[in-house]
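These are the structures, in structure tokens.
You will see two complexes here that share chain A, one where it goes with chain B and one where it goes with chain C.
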Partner chain A sequence: MKRWQIILVRMAILALVLGAWELAPRMGFVNPMLLPPLSEVLAMLKTQIARPVVQEAIMITALEVIVAFIIAVPIGAAAGVAIAEFPYAGAIFKPMLFYVFSIPKSIFLPMFILIFGIGFQQKVAYAAFTTAFVVLMSATAAVESVKSDYILVARSFGATPLQILRRVYVPSMMPVLLETLRISMIFNFTGVMIAEMYASRTGIGHLISNWGENFQMPQLFAGVIMLAVVAIAFNETVRFLEARCSTWRT
Partner chain B sequence: MQYVADMKGAQTAGAAIDIDRVSHVYAGPEGGVQALSDVSMKVGAGRFIVIVGPSGCGKTSLLMMMAGLRDHTEGRIHVHGAPIPKPDPERVGVIFQEASLFPWLTTFDNIEFPLSLRGMSREERRRRSEPMLSLVGLSGFGERYPHELSGGMKQRVSIARGLVQDPPVLLMDEPFAALDEQTRMTMGHELLRIWSTTNKTVVFITHSLTEAVYLADEVYVMSPRPGRMIDHIMVDLPRPRTYEMMATDTFGRLRDRIWQQIRKSH
Partner chain C sequence: MRRPDPKIVRWGILIALLVAWELVPRMGLLPELFLPRLSKTLTVLWIDLDKYWAALLVTLYEVVLAMVIACGLGIVAGATIGGIAVLRDLLLPVFSSLYAVPIVILYPIFTAWFGIGSQSKVMFAGIYGFFPVMLSTAAGIRTIDPQFLLAARSMGATVTQQITKVIIPASLPTVFGGLRLGGALAIIGVIVAEMLTASAGIGYLVTLNRTILDSPRVFAGILCILVLSVAYDIIARRLERRMVVWQSAGRRQQQASPRPIAQGAPAPAAA
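This part shows the complex of A and B:
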């Protein structure tokens, strides 16, 4: 199939879904109280975005996501590399970390509230906590994915340990690391959302959860659209960086 | 250019590589494992040496020791008159099993990798890698990535990378093992052509008896672990070698002698 055909089919499917969203409630196939027509939701989205409270919520959510990411990635990556590189650290910590990794992180949320309250810090701390584990696991896998042959080759040409790190480990791990960044961003965003919906005074997650409790369906769907746009924007940003870095060479 | 002085010493001693009663014991969880036992060999400069032996006999270990990539517990290994406690790309180039090229680098960058470790400028590197590329018959492929090359081409790049620093000794660890039979034959032939124009001392490991006889001036046969030298065979076939020689009686007798030695040692 040619590229324009694929795009055409995609557009057609999108139009179909959006059309169904508009028509189904209007024609009585679904209860408009539960699924308001698309046009109504879009009108509500416009109204909501104009409200300073909502604008502030978006800014805060985005800031929480960014700060949590900036904290989680270096900590997770450093710990992951340490575990993969130092056999003793690996032998001691790896099973423990795998046990903790298997526990749903949301059960720790009440503890985070007790320690950090229900403000900005708690969202960042909780999201960074969940994300750091994902980064740690992937970073460990990335280091272990470096073929020992490559290291041997570099050594045979007299490479120093620092040169091996820069010229073999980093480029060899790069594809896995970039993929990790994208996936951990999804976990990171989810972490912020869960924390906001659980207990908060602001943020998109908090608004959505409130609207749901008050049965304000147009507002709720408007919130979902807002959130989807912000999440996709983050994902595409990381993907853009990924594409930029793939052409990076030593 | 330290090795030039060493080379003079080696010439008086008459050997590019001098391995004298080398043994090696690996520390294992249940005491030591004897990998090599009392191995000696003397390799004259410019000779093409092939080592054959069963899997696990320690021939790769021995090669890694000559490359300075691995320690040994007893004996002495001299390359061009001096011990080799750590890798020295000025003296020894290594070509590994499979191609082991870096997939994130182009052909040029792979060949120039050893030079770039020494901080050589881009122009100087290119000036030295280009003749290597044409030597291995890959002119015009410099900007390709390894995944765009066939198995034989990758191994050619690997050879070019081993030669780019012009070391007098080239160590090759089953370099063609992953190739299909025809490609393997062609590569063997190519290697002899390259060797005859560069005057390197080559130590080449293989499992293939035909390859051994076809390539070598001398064949060393090793026993199963602990690896010992059980035979040293002079291959007195004329050079340049041709495919037709494989059908001769001399070729058959030499291959048979190696085979008998390997079989007896089991």
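This part shows the complex of A and C:
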């Protein structure tokens, strides 16, 4: 299929889904109490975004996400590079990390609450904790994706470690690095959301779980749409950059 | 100096952690509210054993159902979308964009729709596992060597034969990988859901005891979940290795990282 055809069909699917969302509750196929029509949800989204309470919640959540990310990435990356570069450390820790990875991190939320309370710090600490593991795994994969031939060649031409880092590692890791950042951000966002939904007084996750508990479906769907749009927009932007970076890689 | 075997070091670290769990609170380095000592946690677990056991059974029941949804739908959808070129071009990028949405925000919708019983957990964890399983199956199904199909076709295999003799055997590793991933995610999803809103299950027990600040019972619950997920991982990996062992027959057994962290394949969830 040609590019424009694909886009056309995708648009048609999207229109179909959105149309069904609008029509099914209106025609009485589903209970409008459970699934409010799309137009109602969008109108609600508009009024909600205008509310100062919601704006404040968005700001807090955004700040939590950013701070957690800034903390998690260097820690996870340093540990990941160490595991990839020192085979002995890798042999010890890699199998352990696979187990740690399959453990639901949310079970540690109670500990974070006991130590940090239920405020800003706890959200940041928990999200950074979950994200650091993802960064670690991806960073290991990124370092291991560098072809050892390149390093060998560079070294035989007498490159210094700094030169190898700048001329070999960074260029060949660039697309993977962006992907690492993208995936880590997805998990980071999820971490903040879970922490906010679990126990919180502010933040958009707290609002969403409150709306759910009070059965305010239009508000709930409005919140879900907003977060989904933000997440997808971020993801697509980074994927676009990834595609551009990988063109100059072999 | 000869370095000790990594396996021994791993056990050493595990034992050191357990000893630290006992000693750090005992010596008063951390308040018992933050980290109750191991012996106390185990005692509490022993006293309330039937309570924890009952909760664990509820959780397991939900996990199994969620796993059926996540793996069943995920593998079928992934194989269909990954195997058919038109669908792949059309839908795969859409699903990978949707993957960015934190699925946990859908959980309040599920509790509103299905109540706070098992059903909402099963649905949530099923969806939670569905996306990664589908994406990894779709990625894996494309790794089937087209030469196999070409060879089968040139020897006159019918479409049915191509499917049963080539595609299914060649995609088994992918399918088992998907099963393992789906199960792990189903466990995570159920636990997260139980911790958020529930009336039964091990995650609920953890949250309940947290709200009354009963730390030893919180940690007893955490310990149960740790054992559950690690045990699952060990069993699933062993089964997988046994089922696909003939796949690598004649080739050197691949070692090092048993779980591929290939780029492009979605990383398992870390919630």
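Just so it is clear, the second predicted complex is superposed on the first by the 227 of 250 C-alpha atoms of A that agree within 3 Å, B and C clash if a C-alpha of one lies under 4 Å from a C-alpha of the other, contacts with A are read in each partner's own complex, and residues count from 1 in each chain.
The rule is short, and it goes like this: contacts are C-beta pairs under 8 Å (C-beta built on N, C-alpha and C of every residue); 3 or more make two chains touch, one makes a residue touch a chain.
Source: prediction; values computed, not measured.
Aligning the shared chain A places chain B and chain C next to each other free of steric conflict. A count of residues in chain A touched by chain B and by chain C gives the higher number to C. With both structures placed on the common chain, the touch criterion links A:Gly158 to chain B but leaves chain C unconnected. In the superposition on chain A, A:Asp149 makes contact with chain B only, while chain C stays out of contact range. Of the two partner chains, chain B is the only one touched by A:Val168; chain C is not. Here the smallest spacing between CA atoms of chain B and those of chain C, following superposition, is 10 Å. For the contact definition in use here, the chain B contact set and the chain C contact set of chain A share no residue. Interface of chain A with chain B (complex): residues 147, 149-150, 152-159, 163, 167-168, 171-172, 174, 249-250. Per the touch definition, chain C reaches chain A in the complex via residues 3, 6, 9-10, 13, 33-35, 86, 89-90, 94, 97-109, 111-113, 184, 187-188, 191-192, 195-197, 203, 206-207, 210, 213, 215, 218, 221-222, 225-226, 229-230, 232-233, 256-259, 261-263, 266-271.
Across the complex, chain C is touched by residues 1, 6, 9-10, 13, 34, 88, 91-92, 94-96, 98-99, 101-111, 113-115, 130-131, 133-134, 137-138, 140-141, 145, 176, 179, 183, 186-187, 189-191, 193-194, 197-198, 205, 208-209, 211-213, 215, 217, 220-221, 223-224, 227-228, 231-232, 234-236, 239 of chain A. On the side of chain B, the complex with chain A involves touching residues 67, 69, 86-89, 92-94, 96, 98, 100, 102, 104-105, 109, 113-114, 116-118, 165.
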